[in-house]
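Each structure below is given as structure tokens.
Across the two complexes that follow, subunit A remains constant while its partner is subunit B and subsequently subunit C.
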Partner chain A sequence: MALQSASLFNTYYLILKNMDLKDKLVSSFLAFENNIDVHNPVHDVRTEAIKNFETKGFPSRKEEAWKYTSLNSLQKIDFSIFPKKESSLEYKDVKKYFIHQIDTYKIVFIDGVFSSNLSETTHDGVDICLMSSALTKPMYKAVIDVYFNKVASKEESLTTLNTAFSREGAYIYIPKNKVPKKPIEIIHFSTGNDTALMLQPRNLVIAEENSEMQIIERHQSLTNHAVLTNSVTEIFAAKNAIVDYYKVQNDNDAATLIDNTYVDQKDNSHVKVHTFSFGGKLIRNNLNFYQNGERIDSTMKGITIIGEKQHVDHHTLVHHIEPNCESHQDYKGIFAENSTGVFNGKIIVDKIAQKTNAFQQNNNILISDKATINTKPQLEIFADDVKCSHGCTIGQLDEEALFYLQSRGIPKKEARALLMYAFANNVLESVRIPELKVRINKLIANKLGVNLGFDL
Partner chain B sequence: MAYTEEELKKELETKEYEYGFYTDIESDTFPIGLSEEIVVAISKKKNEPQWMTDWRIEAYRVWEKMVEPEWANVHYTKPDFQAISYYSAPKKADPNKTLGDVDPELLEMYKKLGISVDEQKKLQNVAVDIVVDSVSVATTFQKTLAEKGIIFMPISEAIQQHPELVRKYMGTVVPTTDNFYAALNSAVFTDGSFCYIPKGVRCPMELSTYFRINQAGTGQFERTLVVADEGSYVSYLEGCTAPSRDENQLHAAVVELIAMDDAEIKYSTVQNWFPGNKEGKGGVYNFVTKRAICEKNAKVSWTQVETGSAVTWKYPSCILKGDNSIGEFYSIAVTNNHQQADTGTKMIHLGKNTRSTIISKGISAGKSQNSYRGLVQVSSRADNARNFSQCDSLLMGNECGAHTFPYIEAKNKTAMIEHEATTSKIGEDQIFYCNQRGITTEKAIALIVNGFSKEVLNKLPMEFAVEAQKLLEISLEGSVG
Partner chain C sequence: MLKIKDLHASVEGKGILKGINLEVNAGEVHAIMGPNGSGKSTLASVIAGNETYEVTKGDIFLNGENIEDLSPEERAHNGVFLSFQYPVEIPGVSVTNFMKTAINESRKSRGLDDMPAKDMLKLIREKSELLEIDRKFLSRSLNEGFSGGEKKRNEIFQMAMLEPKLAILDETDSGLDIDALRIVANGVNKLKNKDNAIVIITHYQRLLEYIVPDFVHVLHNGKIVKSGTKDLALELEEKGYDWIKQEAAV
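Right, the complex of A and B next:
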């Protein structure tokens, strides 16, 4: 059986070689079906999803949501949809990508395949394990039926593309009143064994009542071969649950990341998502919050520092469905050289969502004449008793502040870095893992090309 | 007995659109429908030179191929372009008349509108050009203006008398191919105003155009062209009304402003087209393209008070082409009942040291939807461009909506752009405070709304500010519930 499917796969592969990416993906779905249990009810979800993707295809710049980000160049690359061979990595070679100063649960994937020797999963009171087992094993069926693909969009083409190929990723289930002993790290490595690889991880995070957790997610390619990651994460926060999610995006210049995160919150829950975008050729973050309860707090924060020809696009949506909720958004960006930054933040307040407080802030610094910023904060408000505001600025470093620092003996480069650091700092304040904060500080210093001789 | 909010609400719901009368004037109206023949016929009727006819035909051919845009945040039944008459003129109007010759019924209508022509002439020092349905019927003060070399006349006359100017400038700011409604306007526009201020002249009085749709089943397509030559200054006012009708009437205008080096244009609009009744029936579709081009050191300031129209779709814009040029946009948009407004501005910074200010106040009440949509674009050569935008929305009741869609695109590192938006409602404590001091709820709301809009009202010329203030009160009274 295995042999047969392998040869089938090779035949497909040959045919697929000269197709464009969309057709290739759609045809690969057949090959994909050969390797999974098509009688699983989840598979109906996949079939539905591939149909949607087939009709819609990749988004084009004609669509309002993709006005400033083009995926055209990606579609010309001949991505392998399935990795050709399994690879392994030694911990000492990749240690630096982990927050190794602290003990964490680890879910590690190499070229999309789970690596058991790098990972540390658990079933001790909480489930921190694999999506592949959650989707196939009967003991998880009840949970999967309730949560899988429930908050993720069934319309958005890239999300449905991920749904169609959903098989592997992280599965985290924290039952009522539990708190896992340590933070959870989800890391995806790509080894570059394929000249171009497409990955579609699918994560499901469930925090039951009164539970709490911290997650750090990272995508890292180890060579300069092209990687396209189209990731979907669904987060469910039940009553009083607290979820802290940190996304570290510091990949190399050949990597493209499309991150689709959907958050469903119930009464009194707090969900914070921090996004640190420093590396990668193109990053698109679609962050969607749905507040299905009262007294909910949603926080979205981000720091973007990019240069060269990098492109980072933050797309946020907060949908205030019930009364008495809050949302806070704070995105800072520093753009150098030929880089492009996009921010599109949308706040929708439904008619019954009275007493909503929704705040949004987007501040940007342009360092080079060739850098571009496109920003579009959006408010759609249908309730009257609300406080909503958005603010957005584009500017430069204050020359006088620079002069002040220089006159006190701080070299220009360091002075600039200090000011930029100060600019981005209030985003870091809410990071609750000190070691992660130190790591981000180092990444920022690195990115700004300075060594300040002390930990900022 | 206390006057309750409920009663007030009832009274206001039934309050009629003050300008909703219809004057029975004999009109010369074209059969409904649009075709190349109609376009040529309009041109013939206006006795236009060949270049104008060709220009219209070209625009019509472009329009035919275009699709009606749908991106705006408004919903409406699309107008049937074959069910509109594209030309309607009060029969007795004669462009070369003196005021004494004007049809007494027309004069009666102006009186009702509160713009008795001779009264204005005497008191307010405002030169008025009045456009009823599709033609300009009265222009005052032409002589006084002519002494200064200022040309202010209906555009149809300008085409005859100053073809060189019209031909040189028309379509340079809003090309015929610009958008669906601009193309339609270019093909079928029947009249409008033309204004030319020569070099270094400061126009001694406010120039004003008054638009009115009177005839049923007609669309109004007027075109305004204001050219301010080097170092000149002009303040221009525009007002509009229409009778109450069950059907939706279409108003698709194009306004082009050209401010040459060191010139300044101040353009104020009080838009009060019939907004439809309280069930959302009828009302005017107001699809307008307004754009200004600023050369070196020039300044253009748009001020608008939008209270009317069932559906508004309007973005007065500034292209800041010359170095040191300034663009300003001050707007109050009020929507009530079933009105929908999608309005805002575009500031395109091309020159160095260009500055722009956007102050937009949206007030939504009843079941209305009010959107601000704006673009601030800084090109890579526009060093030291500066923009400040502020959009505030006030919501009254929980059946209305307020939306903001600001687009900000910066390609220059020296750009300084700030955008701020807030949304809130009138606080119960604020109203209570006023009540306590013997100010009725109705007055209190007027007071608060006035305070909310002050920044914009202040920018209006005196006479207009008073009218605008009154309009605000009328369109909003009792909307808090």
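Right, the complex of A and C next:
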């Protein structure tokens, strides 16, 4: 534990009680710094970052990028910046949140603190372990110097907020020509021991030349206490590396997730990020790809199925910096009740990035009069020999298809679910972990409220 | 089995069926012929319960029960099957999964448990052989990228799987080459028995060479204007529909 003195922290806690969240965070930075090694070079990075956040504060709806997503009400909640006490969980109680049908490496956190009994880390040819070790132990210094905070934004306020408090998360380093024996699961549990808790996990994922890995990430709160997670993940894919990253976002209605993911790709690398957003009060995904090489393939896929007053916002950016690269985006959304969705897909093609092939698709179904989706492609193309296609649709279910299914004896409710499932299904085709695909299928069926006659 | 009395139906306020009377008994094959726009497909859709059409007058009885208030799925559970003229493409749902869902939902309506996987596979194998359907075809998405002939064959495969009491085949012969037509007709003939009935809706006489009807009706301007035996179909083939139109106009 970084905070060895609970009483010191409680004093801070009392002083900070009536502050707004920004001031509380800035003030807490002092307490945070007191407990870590200020001589570490990362200290300078953190200090720069908190300055940026202090200047900018939380993004407001006046900013174009946050026009449809408000963080105002969150800032009124009295979040604990650090968990008050250490908690533990039994595997049997949380087993269902793991892809337990298969063997995986596991990096598990409870209220932001590493749980050694739920985790299975390794140093056997690859490093699948903790950010706290990587940031402090000399043996990782060379890697940290080269990669830490190198692709993450130094301007975007929430990213810098995370950088300022970066201390714990997953650290994954796969050396040249290596492939870990099994997929890696990163799970963050929050126990609700604090009435409201803010978490800021920081992940660093490095795939060296010719390496390959699969990662599944999940944030799960176990009670209805408010949780605000502001996560930053940096992914570096060197030449010919393959990274498959799956984000399972199915949290309860008091949980807010801001996921900032930055991907740096070199020649011939393939990085795919799948985002499955099925639950949570508010989810904001900022997914940024930078193609620093040729013949790169970047894939972003997402399925969003939400209802009630849930809100999911996908902001993607692909920056085509070099020639001969591809990017593929395919996001499907199903919005029920009063839910709201946002899709903003930005593609930048630099002047020298000729022969770029950039594809973007966002299709949505609104199944309630009160649900809304704001979808916007944003293309900035400076090269003249490129193929860029984009399309967004917003519609309802096809009545003729519904009648076709009903005429075969499938009741309307199930028929609707089947059509919605079919609508979202093609996004699942590229999931390369079969057990995960089954799990997502079940989550979808569950979300659609049906038990279809076959194993989805 | 099916009794239609003075049926009127409209779509968006426009009357299409204007007083249909028809009785179909178990063991019979009826053909309904007629020029384009006469209301043939509307009649099929209305019997199957398509809510796009509004029944403004008249009744449809199935085995003595008025089915006016039944949803399309309830009609299917009671043994009605419609082979679509234009089967809908549903990407993402395989033919097999679709059939499993349809059969199990139908069983559920009768208070039965899901069909055991082994029995389901056996049934699928049996029925796909009947229609000379390649096994690979069954794992493809429903109707997606199917040729016209494949779609129609797939419709009759579904009919074979669901074993309806009353099957309405809406223009099943259109888009079929002669070989596919023979396979489809052969399949229908094998499914035909004394307990079920088949209504064939067609523009041409071609299919009726293979599936021989007991009765032929001519639909014109929303009404059955002439009924007869299979010879009527031959007459229509020879003389076209104009004489019917003229006769109806008198």
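Note that in this section the second predicted complex is superposed on the first by the 449 of 456 C-alpha atoms of A that agree within 3 Å, B and C clash if a C-alpha of one lies under 4 Å from a C-alpha of the other, contacts with A are read in each partner's own complex, and residues count from 1 in each chain.
By definition in this document, contacts are C-beta pairs under 8 Å (C-beta built on N, C-alpha and C of every residue); 3 or more make two chains touch, one makes a residue touch a chain.
Quantities reported herein were computed from a predicted structural model and do not represent experimental measurements.
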{"item": "Overlay on subunit A: subunit C relative to subunit B, clash or fit", "value": "fit"}
{"item": "Which superposed partner A:D253 touches (first subunit B, second subunit C, both, neither)", "value": "neither"}
{"item": "Partner chain(s) touched by A:D93 [first = subunit B, second = subunit C, both, neither]", "value": "neither"}
{"item": "Partner chain in contact with A:E400 - subunit B first, subunit C second, else both or neither", "value": "second"}
{"item": "Partner chain(s) touched by A:D44 [first = subunit B, second = subunit C, both, neither]", "value": "neither"}
{"item": "First, second, both or neither for A:D20, with subunit B first and subunit C second", "value": "neither"}
{"item": "If touched residues of subunit A are counted for subunit B and for subunit C, the larger one", "value": "B"}
{"item": "Subunit B versus subunit C as contact partner of A:P377, first or second or both or neither", "value": "first"}
{"item": "Subunit B versus subunit C as contact partner of A:C388, first or second or both or neither", "value": "first"}
{"item": "Minimum Cα separation, subunit C to subunit B, after superposition on A (Å)", "value": "15"}
{"item": "Footprint overlap on subunit A, comparing subunit B with subunit C", "value": "none"}
{"item": "In the complex, subunit C residues that touch subunit A", "value": "48-52, 71-73, 75-77, 80-82, 84, 87-88, 90-93, 97-98, 100-106, 109, 114, 141, 158, 162"}
{"item": "Residue numbers on subunit A that touch subunit C, as the complex places them", "value": "398-401, 403-412, 414-415, 418-419, 421-426, 452-454"}
{"item": "Sites on subunit A touched by subunit B in the complex", "value": "64, 351-352, 354, 364, 366-396"}
{"item": "Subunit A partner contacts - residues on subunit B that touch it in the complex", "value": "71, 380, 393, 395-425"}
